[in-house]
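Okay, so chain A shows up in both of these, paired with chain B first and chain C after.
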Partner chain A sequence: MSYKTDLPVMKPFKPREPEPLLGFRPWHIVVIALLVFFGPSLAFAQAGVPLLTPFAVLLDWVPLLLQGFIFNLAISFLAMALGTALGTLLGLGQISLSRATRGVSWFLTQFFRNAPWLVLLFFAMFLLPFEINLLGVSIPFPDWFKAILGLSLPVMANVSEIVRGAVRSLPSGQWEAAESLAYSRRQTLWLIILPQCVKRMLPPWMNLYSILTMATVLASIVGVSEVMTLTGQALAAEGGRPELLAPFYGFVLLLFFAYCYPIARFTVRLERKFAVIN
Partner chain B sequence: MDVIFEWFRVLYDETGINLPFLYDAYDRNRMVDGFFTTIRLSLVCLFFSVLIGVVGAWLQGSSFKWTRRIVNGYIQLFRNTPPLVQLYFFYFAIGTMLPTVENDWGGQSPILGSFAWAAISLSFFAGAFNVEIFRSGIEAVPKSTVEAAEALGFSRLQIYRDVTLPLAFRVVLPALNNNLVNLVKTTTLAYAIAVPEMLYEANQIWSDNVNVTEMMIFLLLAYFVLVGILVGGMNRWERAMRIPGFG
Partner chain C sequence: MSWTPAEPMVSLKDVHKSFGTLKVLNGVSLDVMKGDVICIIGPSGSGKSTLIRCVNALNDIQQGSILVEGQEVNDPNLDKLELRKKVGMVFQQYNLFPHKTALQNVMMAPVRVLKQDKAKAEATARALLKKVRLEGKEGAYPGELSGGQQQRVAIARSLAMQPDVMLFDEVTAALDPETVGEVLQTIKDLAEEGMTCILVTHEMAFAREVADHIYFTDRGIIVEHGPPETFFKNAQDPRTREFLSQIL
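Then we have the complex of A and B:
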């Protein structure tokens, strides 16, 4: 039990969310981004033969890169959906009454949480067949599908922990009250516990989604043609001019920042809204 | 030792389970090198990311508006972009702008190699998280404690070093450890710029021996054990460093 004192040894500690880009107006960011990404390339351009400026070259490739980025987002949606579905099952397994189910779910969760994302992605890429034969019909397993499976494994493990943590964070009085009202265990879980958990799970779940979106570029290492692969190909097609590297990679950084930063801000706001005040 | 190694060669001949990094001295050396590169990269990044965290948290308490703004901008930029793209940006975009030096064979090589860039990039990535962690820890130290230290004639730096940081360190340890474990997992990204760490060496071995399945399973288990040991050790450390009666 906490008690009040004027001189606490330490105040309560909770890792806080970073502040927004304090005082930056949107145009500040644009100017800084332009300076960072294009400033260095100007230095190269001065000595060069009259070629298209790096910015003009980038502009030519923007539609293709955007297509690649949308593919990234598609991968992230599907992997998140699959990972959430599997992870919820695994998380419920972790709080099951059966000892064996609990043990297996715990082990699977820990195993996939401790393995690096890239290794799991390699695992899915190389060990899954490129097609499977079901009743004489061969179903192809394209690269991107294997990437989704590979990325959904760590998502599954993390969602499992989120579910377990949320259920654990509810006061045990909820369970006891439901029991005294003669709810069965399944009813308690579905009608009383889980609806309250959704609110608690949402912020960490969104955090996880943002991490997953940033992890989709890993698929480029194993050869899925998403935005990073396309960037590499575009750079090669332009003859590998060194002054193009910064604008192109900078553009990809900017794309992800523009997508993930609002999600992060929204998560912080939700966390504040759902915070329980003791 | 050799008996055990030879047993794995027999295992390969008998069952087809090919683990060349055990019976073949060359592959064994590669794997061991890869393992130590992973450890070395992790330690270097760990050191610099904690350093960035401590310094960044101190700068965030600065009274200059622009210092705080720049630190905030750094945090947001590095938290919300993929670490792999950051790595590429550092290695390819910034790396090519730096001057080159003459290497032992008379050719030109970049002044910073792939290992150095991986260390820099991953340190900045993990450091962005550490700044916030340290800052919230510093804010958990009551003002009265700092005032007491001031009354005893400590300077600002001394207070930070001898009073605030040791107290803050203890409360932030769980969050910090979580981030550091993540950092160790993120070192696999260095594979993308050909740093010879564990994943890269395993890739080399399976390319030579065509034993993807065995190497993949070994790799998963290796990381599972490595990270598991790390988590276990960190948990013990957390328990030992806990402030009695707090939290």
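Then we have the complex of A and C:
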């Protein structure tokens, strides 16, 4: 049987097209990027200034900037690894049976979760010594290492909450079934609860990684030679030509976008997939 | 422990339990002999589920005594893991581990908790799955099984620990009507093999058929109990009669 009708309820369900990013379509972004890159150059070409076009200048600096960006990624990997390891411990502390452990873990988590990342970074930078003496051996603490420590603190706190939330989100029946089968608490956690949590933790964890990657540029403020620092230095070396600002910083933006956007898309896909399974 | 089969396998004496200010059990006493099948029936919220959850120490009690094979459960120094090796439990919501296959669900506890040899545990698990009529479903994940099938895996999982007593907490309440029968049949088989069973159930016909003894609870006390024939035909207490008239 078929009806002819204007009533929306009677029409077959059609999935909506995916929401475009901030109302932009992919081709909009390309156009904007082209304008950012070539706009100023065109203006200068018309002015007849006998200098290299900004785009050509940028090309010269690209290898160095890419190096800086890779350094950002290295900082993000290490801070994520460290923060995840510490955060998992802290998260497990938050569900500990010992009231004291729970309390301390809760406090550390809340404290670092509600602290501005930049302040934590400054703390790590200026309160840690540049080297420590252990049994007569001096171990240097380079700036990049302190940046990793500083950035891993908020990551730790957020991972702690992700772990706690995932464990809490499992039905209590899982704990009861395991208890009734005489599993010890530790076995219950490692064999039954945590394996089920990994799936639930993955999307927010990847989200956090994205945020961390974008936050690595904060390290430029405390003097680590990452991509923002290098961009500033490159611009200074070119004599601070204002028409270079947009292409250079635009390039840095594009680098981060090219890296973080796929992660965000992948996270959304994972979330959808798990939503269907659960 | 000097328990002998001549004494009750599970013995509750004057058990009191409350959640905060809410009194759930108000002095419950009952004895279960080895090989007995007892059914606990009663209206919702009468404390039936709490009662059997106290037997394997999933809930603690405030007052009274619970002996399982002579071992006191209401004891702060109780070795809960040892107790739970002797007492199997099956839940209303099956509570299978969704990230493990049916076979893994059944053999995991014997391997990890009882430290059984893996090959031996697997052989036992396969035999148990066959016994609950799930041959061929060994590799299936819980999400791929029907409610009735999942519940039978849960029964096999408990049996794999070779318990002395089995607790069944409204195990058919969440099932589709057409799969209730297969689960009840499995329990009946167990009962006929002499497994000591404590069941909380709403299946009156089933209770009448398999139970050696019926207990009727209301508001945290045992109102009336007796063998099924007398209980169903000749209930004395008005509360029991009212409940039975609503159900039957």
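As a convention for this text, the second predicted complex is superposed on the first by the 236 of 278 C-alpha atoms of A that agree within 3 Å, B and C clash if a C-alpha of one lies under 4 Å from a C-alpha of the other, contacts with A are read in each partner's own complex, and residues count from 1 in each chain.
Just so we're on the same page, a residue touches a chain if its C-beta (ideal position, glycine included) is under 8 Å from a C-beta of that chain, and two chains touch if they have at least 3 such contacts.
Since the model is a prediction, treat every value here as computed from it, not as a measurement.
Of the two partner chains placed by the overlay, neither chain B nor chain C lies in contact with A:Ser169.
Residue contacts after overlaying the shared chain place A:Ser98 against neither chain B nor chain C. In the superposition on chain A, A:Ala182 makes contact with chain C only, not with chain B.
In the superposition on chain A, A:Leu245 makes contact with chain B only, not with chain C. Which of chain B and chain C touches more residues of chain A: that partner is B.
After overlaying the two complexes on the shared chain, residue contacts for A:Gln196 are found with chain C alone; chain B is out of touch.
On the side of chain C, the complex with chain A involves touching residues 56, 58, 80-82, 84-85, 87-89, 91, 93, 95-99, 108-109, 112-113, 143, 154, 157-158, 161.
Those residues of chain B that touch chain A in the shared complex are 65, 68-69, 72-73, 75-77, 79-86, 88-89, 92-94, 96-97, 131-133, 135-137, 139-142, 144, 167, 171-172, 175, 185-189, 191-192, 199, 212-213, 216, 219-220, 223-224, 227-228, 231, 243, 245-247. Every residue of chain A that touches chain C in the complex is listed here, in rising order: 171, 173-174, 176-184, 187, 191-192, 195-196, 277.
Chain A meets chain B in the complex at residues 7-24, 32, 40, 43, 110-111, 114-120, 122-123, 126-127, 210, 214-218, 220-221, 228, 242, 245-246, 249-250, 252-253, 256-257, 260-261, 264.
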